[in-house]
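Questions regarding the structure given below will be posed in turn.
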Amino acid sequence: MTATEQADVSYAEMMAIVLARSFVDGEFGAIGAASQIPYAALRLATLTRAPNICWLSGGSGGINPVVGELPASSSDYRNALTAEAIYSLEDVVDWETSSRLDFACLGGMQIDQYGNTNMARLTTPDGRFVRGPGTVGLVFMSTFKKVYLYTERHTTRTLVAKVDFISGAGHLSGGDSRFERLMRRATGPVLLVTPMAVFDFPPPERRARLVSVHPGHTVDEVLANMSFVPRMDGDVPVTPPPTDTELAVLREVVDPRGVLRRPR
Amino acid sequence: MALLVDAPKRKSKVIPLEQLREWVPSGSTVGIGGVHSQNAPMAAVREVIRAGTTGLTIIPTPSAGIAVDMLVGAGAVSTLHVSYVGLEFLGMAPNFKRAAEEGTIDIIEGDEAWIVYGMRAGAGDLPFMPMPPMYEGTDLPSVNPLLKRTLDPHTGREVYTIPPLKPDVCLIHAQVCDIYGNTVIRGLRRFEHVMAKASATVVVTAERVVDGPLGEDPRVVNIASPQVDAVIEVPYGAHPTASPGDYLLDEDHLRLYAERSRAGDFDGYRAEFIDKPQDHIAYLEAIGLRRLLELRHR
Amino acid sequence: MTATEQADVSYAEMMAIVLARSFVDGEFGAIGAASQIPYAALRLATLTRAPNICWLSGGSGGINPVVGELPASSSDYRNALTAEAIYSLEDVVDWETSSRLDFACLGGMQIDQYGNTNMARLTTPDGRFVRGPGTVGLVFMSTFKKVYLYTERHTTRTLVAKVDFISGAGHLSGGDSRFERLMRRATGPVLLVTPMAVFDFPPPERRARLVSVHPGHTVDEVLANMSFVPRMDGDVPVTPPPTDTELAVLREVVDPRGVLRRPR
Amino acid sequence: MALLVDAPKRKSKVIPLEQLREWVPSGSTVGIGGVHSQNAPMAAVREVIRAGTTGLTIIPTPSAGIAVDMLVGAGAVSTLHVSYVGLEFLGMAPNFKRAAEEGTIDIIEGDEAWIVYGMRAGAGDLPFMPMPPMYEGTDLPSVNPLLKRTLDPHTGREVYTIPPLKPDVCLIHAQVCDIYGNTVIRGLRRFEHVMAKASATVVVTAERVVDGPLGEDPRVVNIASPQVDAVIEVPYGAHPTASPGDYLLDEDHLRLYAERSRAGDFDGYRAEFIDKPQDHIAYLEAIGLRRLLELRHR
């Protein structure tokens, strides 16, 4: 890939590509509502390297939809029309509580160093109470076999040392604290993808570790825009840039209208 | 058949939209269907607001949006079960956010399991629904005292439970139903049938109400007639949300709603789009035929 | 109706007609599996006098089917094909436990003087253990708003003083005993229809009362073929014979093949 | 698309019937689909018997028939959850009745709620399912010690509970599915999807398995592919029960089965129709093409 093409890769495309590489073939997963990035990642992964993934497109009820572009909402009717099957909301919740879902892609208005998430309520540094939209499916972070966290806001407000309210259980206070309260089969967050970087949550501490920094960003920039210092093991590499195939499939098949390249 | 000419005929459940107020008195507990900006029963919501209804407890689907936000903005809501209330890719629900932050409504801090298993318990009138380890990892029990614990009689372990949710009335928007209430909802994962079972009464608003066979495979009828108490025909009744297969969501109008609400002018929006148009047709005229036709699926 | 026509009425037709007269318009009901008699009764009632009844045709999943004849099984596929809507088994059970179902038509291998039923297990007078097919939906006699009992076997073995095992709760030991254990909204058996007679369960005792004897049978015959003596209030009238309309609709529309007239 | 020619392809889940024995080892807990004499997975049942499987715990749908009776007759069953096991309008299930009366199988005395709510708890891996007042009026708790009580934390009242039912494998017959397991079952009230959710693995036998689009409205797909582990194509695989839309139940054969079983000659029936025909096609030959074609819907 040329430097020009590389510079042309939007953060949303980069995030979709990182997620697409992370998914394990044959697994069964779910995404939330306004989820263009994981939606694109799942389409990219199933088309290129993991054809046996099955995934649920949020409120539409559609499994494995094949819409010819990237809908603004995973509830878009075209997801239902092009799906293999329609599930009910009871199906989703059963699959969630029973840990049948191998993974989910989730975010939050706060995400902390142990991967706990908050979508419900917080208090700003100046003491103002802020209402979030609500916990919705984050409660099932307790039961999904694993969770890919992502956020489009790599900021000190979003990436915090400790969430004000645990909507979704990450590794709680780290170490084995999660497994003292929840079932072992649900292993918690495995990855956090932001517009600048990738983190994981390795044992024994299960605290966010900076795995790589996306092309065009620096470790200093990553650290300056978050409210905790992640673990770093030696030199932090650059996130491998998109391959030609990844970018071509993403742009020609998954997102031909370039939704992920628009200002967001 | 000559034999049956004098036999009594089955009754229609069709009512005019204006009668909805009798089904949703102030102080009642109301279930609301729809997912995000799809299939919200907006004509019904506007009618409830027009009637000056107050003191409602609202239990929406887990992914609620403008229907709930508008009721909150209009002061119709005293208590709200929150799983998610927002405008999805258009941001926070402004009236809900303000009311919650100012403390003018009571929030029952829930989540997807709260609504779905709560309605599931309501559907069978089960005393409660016990959960696998889940809430133990969250802060929800600290703010929701209705998440009570009991003993698993098989293991002796304490488990969290969700109480049954049982709306007095459930408002559901559908694409088509017959005059007896057999209802087809397109474009969503099925949940409205569970809400209907959990609710004492169910009112369906539909794009089309047919007096005769639905012409649909009976397997895709989401809600069967014995579950439905009243039926209201309201073309474009989900506007500005989408009615899958009929019209898309009206993104411009949703933005207009959000911006005016955020700017503190919900009352202006309400005057223009709810109170001034005295009925549903007048509302549609305020939106404009040109715009309505633009929203049809292409 | 002429005496000839009258004599021609089979017991199954008579039972269907008695049940059809008993149903309340606008109610929501259910029948079990091999249920030709209540199936015919519901078709007859909705066609002639109670068009707002909605009913569930057993395992077929069909609501208000309009098959042009009387299927041997309520699970017959034609019930699904001609239904207004298909319900799920979860729907039925929800409607059952929540007492949404106003009525059900049920039987049992034993039915006792308080309307308790047994389909599970019994011991014969000579001490032999007999296995029945199982309790299935009889458990919901606790929650149906009311129950129409029927049996095609008016015998001392079926109509017993006390069932060996309560699969379905009738009025238990009579009086208010049922309501000490179960919810008041579920009022228990209201009627028992047999090939010979009709019984009800009036308060305060809620013990079977002989209401009428079908044409062609006598009180003595009724009593000789059951293992308990029902309450009788003075002279027991004859069950009103089928009207011309009842018999015509039953034979021309509901059961044109005469299934209910065959030896059973 | 040239771009994707080298991309890996999605795997088929099709297996031959003979491999079923690997999915249903002796001693496993087996869920069985179908309602009365509709959609029983009979080819699968015959194969399980042919394999000499023993010690199964069977949890059928609430209205079970010949599939369960045949497994009991063949000595494959050690424990049976009973809601209803019978031949409906053809009378009692003879082998079940004999085994139960002679005490050669363990009976878990259940009912429709036991199976449905038990599977529902299994589907969500909920710890148990609490019931409204219901068992209190029956003798079921006196013979089923698994109907344990716990406290309703809202009322302090004791309530009966049903434990989660979780088969190791569920056998389901369908009309059509694709090679990935998306499954359409006709003619029944939906329940098999709940059983599938409750089961660790699911094997679907289907009249037709298509390698390509199902050609069905996705709303009528009863069981979605992620829920299905293996798929077996068996034309007339539900015989002698019905496959709705394909063929009627074979009343003559069901009567023959019942009469020979009642007469104590299940072994003769088994030799003729299960062991001697070494595979499913040989079984169909034993029934005869003329008979099979007579059973098609007219």
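Chains here go by letter, A, B, C and D, matching the order in which they are written, and residues are numbered from 1 within each.
Basically, a contact is a pair of C-beta atoms (placed from the backbone, for glycine too) under 8 Å apart; a residue touches a chain by one contact, two chains touch by 3 or more.
Keep in mind it's a predicted model, so treat the numbers as computed, not measured.
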| item | value |
| --- | --- |
| Interface with more contacting C-beta pairs, comparing C-D to B-C | C-D |
| Where chain A and chain C are represented by their mean Cα positions, the distance between them in whole Å | 57 |
| Distance between the centres, which are taken as Cα means, of chain B and chain A, whole angstrom | 29 |
| Whole-Å separation of chain centres (CA-atom averages), chain B against chain C | 39 |
| Sites on chain C at which at least two other chains make contact | 80, 86-87, 91, 93, 97-98 |
| Junction residues of chain D - those touching two or more other chains | 117, 124-126, 131-132, 219 |
| Chains that touch, pairwise | A-B, A-D, B-C, B-D, C-D |
| Contacting residues of chain D [partner chain A, same complex] | 1, 3-4, 7-11, 123-126, 178, 180, 182, 193, 197, 214, 218-219, 221, 223-226 |
| Parts of chain B lying in touch with chain D, wherever the complex brings them together | 117, 124-132, 148-155, 157, 159, 161, 163, 217, 219-220 |
| Sites on chain A touched by chain D in the complex | 25, 28, 47-52, 54, 62-64, 80-81, 83-87, 91, 93-95, 97-100, 245, 248-249, 252-253 |
| Chain C-facing residues of chain D, complex | 35-38, 61-63, 82-86, 88-89, 92-93, 96-97, 100-101, 109-114, 116-117, 120, 131-140, 143, 186-191, 194, 242, 244-245, 297 |
| Complex contacts: residues of chain C adjacent to chain D | 33-34, 58-61, 72-73, 75, 77, 80, 86-93, 96-98, 119-121, 129-143, 165-169, 172, 178, 181-183 |
